[in-house]
């Protein structure tokens, strides 16, 4: 089947927004995942047909050290209800030391967000290795539950 | 030495420096029409050097003006208190100019303004070519170093968000904080770069808040806690709290941390310790 | 409290962690009293590892350890066995488990201090030998020491020995004293 | 104007049974920049790939999104496919709708919605992708092996046999390392020199190997395939080209110093060969002790030398650069200075308490006693010998926390040798555990016990003298009894630690070391012979304590890696590396310390800056050969002057934005 | 004048008579003023802390607190290893642990902050300037006298409390002995516990400890054992007759009647004299054996004295 560009659907309909642009109920969680560990772990979860909530969207990055804390702010601005940064366990970085920098950056950033009134349950940094598919599943479930309980995020949210 | 004698000493030293050709000009404070305000004076000769003033109105940080002529092939003289000297160290560490580009006239200072200097912990310049008068005892600041941050920390999450929302709803995005900050030395500020997509330009609380947090994170481990950002804010916003919070956390993670005490030490975020603490699980 | 918990509490007080010990035996190997101990320092740690508090409390080790610290000094993991032994000894005393000779001597010694404030050799050795049923212990040295006036009948008493006796009583009942309501420490 | 094609894969029914792939394709077609969308049963199959290639041609597509399995699965497949089209292979994004969607969610709306989101993110990102070209870097077909022990020798020979040039660099006057000091090797008990010296001779005779002894690495520049190493050749003062190795100078030299090779058990002259079978078999002058070089008085060696002009007191150290494509670090180990650690073992004041390597010299047929075991204090043959294991090993307080691995076996070997050579000898081995995990190792240990060695389980607590001999006091933990063994000789099997100077050398190459100073391998399981620096490999005990079989195996493994590298003429590098926008870079240097590969350097350039026409300023530069593309540097840069190609800030941010468009 | 607050310890008044006389002589000569802590009490020795930790800390604290209040400028010194261990530990614990300090202050009903240090004699005799003063006072040096320096365990350990660096082969006393012309021997029991702590309540068990020390010293060629503690000194000396008999019995394979020890002193070659380091210093500074009351020693010290002195000061030999 090939589709011609001209056929149309309302753009908001599929992404959880109703026609008038108000929020649908399911929260959306954005996860920045290191290609070498958590992303692989997520693939493994798939391979093992584990089930976890469908409201997580993964952005693949080469290393958790690539994740700029400003990405987190941007995600909250755009409408994320929860954000995660996932990397290799300390000592296991594919690039030797990237996650040590992640650790320092996000210890500061997480506290700064909390300082600015963002609920710490909305931002999580986690170490999940390529073999920890179950940990990935459980973490997503845990964060999704926390974020759902909090309801949609309005703080830092851009008005549309 | 009282301030008048100190002022005389400053004028003499600057004149000597300029006469000897050791510096092309000297940066200091000059008079304005208003007794409670001073201007920045760039003295090129001994005559001009005689117009330097030194009083409690000298609240500006002189250091940032060094960046104006950082590419020049002449030396620049500058009066430096504790705060300015730390800024200069930071600039040297950030490769903005070499140490021998500046002739630092160290002026120990016991504080000029109650608001600006309340939490100052470094009265004496930490780097200088000559010290104009004897060092003064280092203070036990009346205001705790992180008072601003601690006050906000004490609030509940709702209150904190309301507090900062209120602050940033008043921000007019004039970027005076950035202009005045002695460690903001980027050639082009990220806020001026639309295509990167880091920063929205709308005048909204959301974009203002993002700007506020990002600005704090950009100075983070390099902030010398001089308070210029807050002093120059035309809306009088208490934005030093953000950087204070970061430095407080750094201090908690790795022990006492003061940026700009020398020009050699690495940045907190440019290093790591295998045993750094985290609770990321 | 179960024995297991008590043991853990003793270990915490002594700042000893059972898993630090890997049973190399360097402690027992250097212990000057090892030959006489029914549970050598390594054995104490072993009992701690398997949770056998009773064997520790009933051993003569806790009474024979001289506190010379050779074991700690040489331990590759810096396990402070004497500290654990000391805590175990207090626990044994709390439970009334004593090695008879040690009980006699130590109690005679403290009684001696309550009387005089300083150690009176004749009283100490005499009372001990009688109460411990060892009349001849070190008797061969007595004539020499008496004749040279190294020891004698006259006590070397301190002036404030009444005060000192009260001090000793306060120390002995410290556990009760400490748990009683106190004024707030400044 | 981007013309993006989106191709949604059913993956048989793997995806399509959960995700409504038609709906996904339909939605994709509406996304900004998309001009074509299609779905198909198997995108990765031959017809699937052909379908994409046809669509590219037919619709003039210039960017591709494939919604299918994980990019870790088929990203390279589709990149290869794109090479057949006009589209640059990096103008491709993969939306992972199988592993991270269809397989983890139940069929229905949610899974389909998620798939559409993932496609939208990929579409947004691909619109910002830029064509990237992997560059080809030439490879210098020559390897440097640092360290001439058995690891270095083996690696050099393997590489040379494969036809590549090798420089083997050794700082001592002869290659051979620790292995030639040993008498016999466990578990086979073959003579160490008999198996290592032929290899040493092979090295010196191999046409592809250049042997540099008495030389050091002074500086290193460059990256994988293109290292420039500054080599410092220390002055030997003996013209190696004309010296005949006759040895007269050594006999006549009046200055005698303690022999390092014989661990202080004998003396050597100031002009010396390390040992009789040294390679090269020509002497050098030790300038620290030579009377002529120290105070200008002597010159006997020059007088007795039969070759005119062979001895040259005026020789100087020479430094020169040489290019290499790959490097193997094989710097080996040394034994810890136990005297400084163990006061309870006499802190070195008893001459008859010796370490294992000293015992090797003592029992070695070519050693100072010609293989007769004689105790150092009075030369008597010891009747009772105590062997103490784990001295300095497994001791976090005074020594090293790790197990030194080889000691259990050579302790057994020493026991065997004593029982073999001394009639009626008694050997007591104090141990904590006996670890024999190697082929024929347990059998050897077993035999040693049968030979009569008495194993006592317990760490020796102290060693003292009783006026006549030494007393080893410890606990027999199996008997639960304190024991005192009166010994004529005590052999301490001491811990291995990284060799002198290994740290500095590792630093020169940019590789890192672990907490104990051993060189860190790139991955403990999967990349055990590589360092984190591309093109720098490791072999032998420099990576951690090892015995000879493991060392040789690792050396050959490292050699295989090097051969694989040198067999290529050029190497393709990943183009997804950091790049710097020099116009934005303020030269603050925040990125520089973060790079684990030292790919970022600060350079001073001149440019026009406002009114200054020839302004000097600092900028950061990225070395494309060193950068591995982790992107950790980018976060340190506040202006975004340093950015990661393929994962630019703008690309990641647009993915974020796309989710809520 | 160097001054210290001095804690003499119970033995100084009884069994350690000759050592006390020697201490007074030596410190007088080299100008170290020991100010006795007024009305000091027993440190509690082994028994107090065996019974209870509070008692073990409170007894030393009483004397230390008096010194801190009344002699605030002075560090404390004691000549007994057991007292040293108890005082030093109390000092250390009070500094380390706020709750220990609280407990101690409550029990002794006086403030105690552990502001000053606690030293033993070896500590205060070892600094270079003090050794210089000792050297100035030495008038005669022993000839061919081989000495085994016995430090005792409690003068050295535990390391975290005492801060001693070399705990297996310390040198401080050896250096002091060298000043007197004695040659320290290299032997193996410098810091091995002698068992004095349990010499009463575990007599049978601790005897081998002292025996091993004595035998190693003799085997390593020592003519005399030097001590830095009256407890060690007494423990090593008092039962030498008993040990000699035991040795004989072990050889013969049967036991003899214990009272024989009193009647028949053992042959001199079976025993070894034990002197405190201050006694040796005093002898070398010219003190006579009568003045030092060396006759109180259980093992005759004539062996030491008969070694004689070196020629350079032959004229001053008067003992």
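Letters A, B, C, D and E name the chains as they come in the text, with residue numbers starting at 1 for each one.
In this section, a residue touches a chain if its C-beta (ideal position, glycine included) is under 8 Å from a C-beta of that chain, and two chains touch if they have at least 3 such contacts.
As the structure is a prediction and not an experimental result, all values here were calculated from the model.
**Student:** Hop across touching chains from chain D and tell me the fewest hops that reach chain E.
**Tutor:** Contact-graph shortest path, chain D to chain E, evaluates to 1.
**Student:** Name, by label, each chain that touches both members of the pair chain A and chain B.
**Tutor:** Chains in contact with chain A as well as chain B: D.
**Student:** For the chain pairs B-D and C-E, which is connected through the larger number of C-beta pairs in contact?
**Tutor:** C-E
**Student:** Using CA atoms only, can you tell me which chain is the most central one in this structure?
**Tutor:** That would be D.
**Student:** What is the distance, in whole Å, between the centres of chain B and chain E, each centre taken as the mean of its C-alpha atoms?
**Tutor:** The separation of the two C-alpha centroids amounts to 64 Å.
**Student:** Taking each chain's centre as the mean of its CA atoms, how far is chain A from chain C in angstrom?
**Tutor:** Chain centres of chain A and chain C, defined by C-alpha means, are spaced 61 Å apart.
**Student:** Which integer distance in Å separates the CA centroid of chain A from that of chain D?
**Tutor:** Each chain reduced to its C-alpha mean, chain A and chain D end up 37 Å apart.
**Student:** I'd like the Å distance between the centres of chain A and chain E, where a centre is the mean of that chain's Cα atoms.
**Tutor:** 71
**Student:** Quick one: which residues in chain E touch 2 or more of the other chains?
**Tutor:** Correct list: 167.
**Student:** If a residue has to touch 2 or more other chains to count, which residues of chain A qualify?
**Tutor:** 69, 74, 97, 101, 105, in rising order.
**Student:** Of all residues in chain B, which are in touch with two or more distinct other chains?
**Tutor:** Residues 197-198, 269, 274.
**Student:** What chain pairs are in touch here?
**Tutor:** Chain-chain contacts present: A-B, A-D, B-D, C-D, C-E, D-E.
**Student:** Looking at the complex, which residues from chain E come into contact with chain C?
**Tutor:** Interface residues on the chain E side: 10, 13-15, 17, 39-42, 44-55, 58-59, 62, 85, 102-103, 106-109, 153-154, 157-159, 167, 191-193, 195, 197-198, 200-206, 208-209, 212, 238-239, 241-242, 258-259, 261-262, 293, 295-296, 298.
**Student:** Within the complex, which stretch of chain C touches chain D?
**Tutor:** For this pair, the touching residues of chain C are 22-31, 34-35, 40, 42-43, 70, 73-78.
**Student:** Looking at the complex, which residues from chain A come into contact with chain B?
**Tutor:** Counting only chain A, the residues touching chain B are 69-70, 73-74, 77, 90-91, 97, 100-101, 103-109, 111-119, 124-127, 155-159.
**Student:** Going by the contact rule at the top, pick out the chain B residues touching chain D in the complex.
**Tutor:** Per the touch definition, chain B meets chain D at residues 71-72, 93-96, 185-190, 193, 195-198, 218, 266-267, 269-271, 274.
**Student:** Going by the contact rule at the top, pick out the chain D residues touching chain A in the complex.
**Tutor:** Those in contact with chain A are residues 22, 25-30, 34-39, 70-73, 96, 98-106, 110-114, 116-118, 120-121, 512, 520, 522, 532, 576, 594, 596-597, 628-632, 634-636, 644, 647, 649, 652-653, 655-657, 659-661.
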